[in-house]
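Labels for the chains are A, B, C, D, E and F, by order of writing; each one numbers its residues from 1.
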Amino acid sequence: MSEGIVEQFQIQREELNRLVMAYAGQGTKRFYSLDSQAYRVGALPTKIKEMLGLVASFVLRCDDCIKYHIIRCFEEGVSDQELEEALFIGLMVGGTITIPHQRKAMQAWDELKKNKK
Amino acid sequence: MSEGIVEQFQIQREELNRLVMAYAGQGTKRFYSLDSQAYRVGALPTKIKEMLGLVASFVLRCDDCIKYHIIRCFEEGVSDQELEEALFIGLMVGGTITIPHQRKAMQAWDELKKNKK
Amino acid sequence: MSEGIVEQFQIQREELNRLVMAYAGQGTKRFYSLDSQAYRVGALPTKIKEMLGLVASFVLRCDDCIKYHIIRCFEEGVSDQELEEALFIGLMVGGTITIPHQRKAMQAWDELKKNKK
Amino acid sequence: MSEGIVEQFQIQREELNRLVMAYAGQGTKRFYSLDSQAYRVGALPTKIKEMLGLVASFVLRCDDCIKYHIIRCFEEGVSDQELEEALFIGLMVGGTITIPHQRKAMQAWDELKKNKK
Amino acid sequence: MSEGIVEQFQIQREELNRLVMAYAGQGTKRFYSLDSQAYRVGALPTKIKEMLGLVASFVLRCDDCIKYHIIRCFEEGVSDQELEEALFIGLMVGGTITIPHQRKAMQAWDELKKNKK
Amino acid sequence: MSEGIVEQFQIQREELNRLVMAYAGQGTKRFYSLDSQAYRVGALPTKIKEMLGLVASFVLRCDDCIKYHIIRCFEEGVSDQELEEALFIGLMVGGTITIPHQRKAMQAWDELKKNKK
């Protein structure tokens, strides 16, 4: 059932980002560039920063943001157990209201793992 | 139009719950079991507890959580008027931002009633 | 330590409500009157409605709203155990982020009980 | 890709509003009527009020509410640049978690502009 | 009772901003500068932008942010009625959970008006 | 000015936790114990888990929760720069609405550092 949700998300995201940028003023553009700066390696490695971004998106319950950081965490080499422990913290802090987002997060994670094989 | 949204939701929920559980650690499993404990009969009957869960989900604006508790409220014998009064409290507390969720809640409720006949 | 938090809250609430009403237009006034209508007895008794308002306020994490409904629940004869079960649902749905509000809720509840004796 | 998202939204909204109203009590009906009152011309013109409603919906991250106010802003003659400046404030106040909603907002806006030509 | 809440807020805000800046990295500093850019006159006048910032802060229920924008709205010449209409939209969108914030908003507004005389 | 906010918080937290536990049912008690389990060393070290808890609390804007995790991060040896990078991610994800919480977070952090000397 979950065949291709990651790819689908990436194509739509790309397409709509182009639309946003066509209308964007200087402020919006700077905001987007500041955002990518936040996840660059510093005192903390990018892997940890992506897990921070994931848990922040998780408790704020934004499926697209979660999907984005799930993909990035996968690319940065986060393990199954590290992901599970990070999302368990999100689950405790954010409560059962986050459960539907956990389902979709794990669906994307599972697809990423299967596609890699 | 709304033919089958309840059933569709239940099938997808079931399928993804299995996926979540395949990755879940002990903490996550305990959290899920604690969740079902919260709605068991106690000083308050399950019917009232499900209405509390519904209104909590409603003001936090989670469509899947609302759908789940709408189904449970229906199973526990909540009447049309009881539901309306509970959601009116949610509407007042949460404001017009909850209206799209009210639409989907009533769509699921209406389907449950029609399927029963 | 918690001596008088309920009374303090009620005095300040009263005073500031007068100020809000001094500036309020017709719409705001109607909104306030609609709000009190939501908790009047209907298919559901006021006691249950106040518990619904409490749990909604709890998961949305508004201390003043929680305090208001804690007082109303107390006046409507909610028992210790009924309160505990309702807030446990709020805790599960809303997560650990609600814990500081649970502390203040129980502080107000405890004061109400002690003042009654 | 975005062909018809505005029309689709309007048809579904209409249909589900009828369902909500079929179940609605007096309080819910009054709440809906109070809502439309809030955007009527007063000291502030409707155009500004719709932008206020848009930014409020944007930071609360409700796609349907955003779509509704995007349409209303378009009807009230909000310009591309006015929209961009309003949503940039929303983006700053609400953070990157609002970005997926910005994408959908601009998709609806772009469709409205293309349909008009 | 409300003597000096505006001044108190401004002194504490100033002091803590200095502390934040002492620890701030380049990204945080750019974020703060982008924030002030968002409210500069453009296609929309600063007065309207401050009202947008106020309503965004109001529905997200942040007392300090509301206080800041209430002061800025006052400085930009927003009238009593314009403020009331803007906050009524916030009240409708955000629901009764915003009422405690409305109380504090009007308390600050009332103090600003009295201090001016 | 910030003399003793950490100690004050810890005393009040301790006192109110005792009150919560006096009323707590079995479910609430299990929930609290599950919470402390979430931060125990696993695939991720406690230090990273506390930073995840901090950023989750930060974007959900709960001052008491932030204070708690700021203290724990300090105890786990998080550096100034690591803290700054983690909170910058929170600032980007959560937007300017988190700024008042950033102020209080840095106030507590600064006090912890000064008390240690």
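Methods note: a contact is a pair of C-beta atoms (placed from the backbone, for glycine too) under 8 Å apart; a residue touches a chain by one contact, two chains touch by 3 or more.
This structure is a prediction, so every number in the text was calculated from the model and none was measured.
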Subject >> Set of chains adjacent to chain D and to chain E >> reply: A, B, C, F
Original post:
By mean C-alpha coordinates, which chain is most distant from chain D?
Top reply: F
Original post:
Counting a repeat as over half of the contact pairs in common, which of D-E, A-E or B-F repeats A-F?
Top reply: D-E
Original post:
So which one's got more C-beta contacts, C-D or B-E?
Top reply: B-E
Subject >> Fraction-based call for chain F against chain E, same above half, different below >> reply: different
**OP:** Would you mind checking which chain's C-alpha centre is most distant from the centre of chain B?
**Re:** E
Original post:
For chain B and chain D, what's the span in angstrom between their mean Cα positions?
Top reply: 26
Subject >> Between chain B and chain C, centroid-to-centroid distance (C-alpha), Å >> reply: 23
**OP:** Determine the centre-to-centre distance between chain A and chain C, using the mean Cα coordinates as centres, and give it in whole Å.
**Re:** 37
**OP:** Among the residues of chain F, pick out those that touch two or more other chains and give their numbers.
**Re:** 25, 27, 31, 34-35, 38, 42, 56-57, 59-60, 65, 81, 84-85, 88, 91-94, 96-97
Original post:
Should the pattern of chain-chain touching be classed as line, ring, star, complete or other?
Top reply: complete
Original post:
Where on chain A does chain B make contact in their complex?
Top reply: 1, 61, 80-81, 83-85, 87-88, 91-92, 96-97, 99-100, 102-104, 106-107, 109-110
Original post:
What residues on chain C touch chain D, complex-wise?
Top reply: 25, 27, 30-31, 34, 37-38, 42
Subject >> Residues of chain C that touch chain E when the two form their complex >> reply: 12-13, 15-17, 19-20, 23-25, 27-28, 31, 35, 56-57, 60, 62-65
Original post:
Which of the residues in chain A end up touching chain C in this complex?
Top reply: 59, 91-98
**OP:** Using the touch rule from the top, collect the residues of chain D that touch chain E in their complex.
**Re:** 34-35, 38-39, 42-44, 48-49, 51-53, 55-60, 65, 79, 81-82, 84-86, 88-90, 92-94
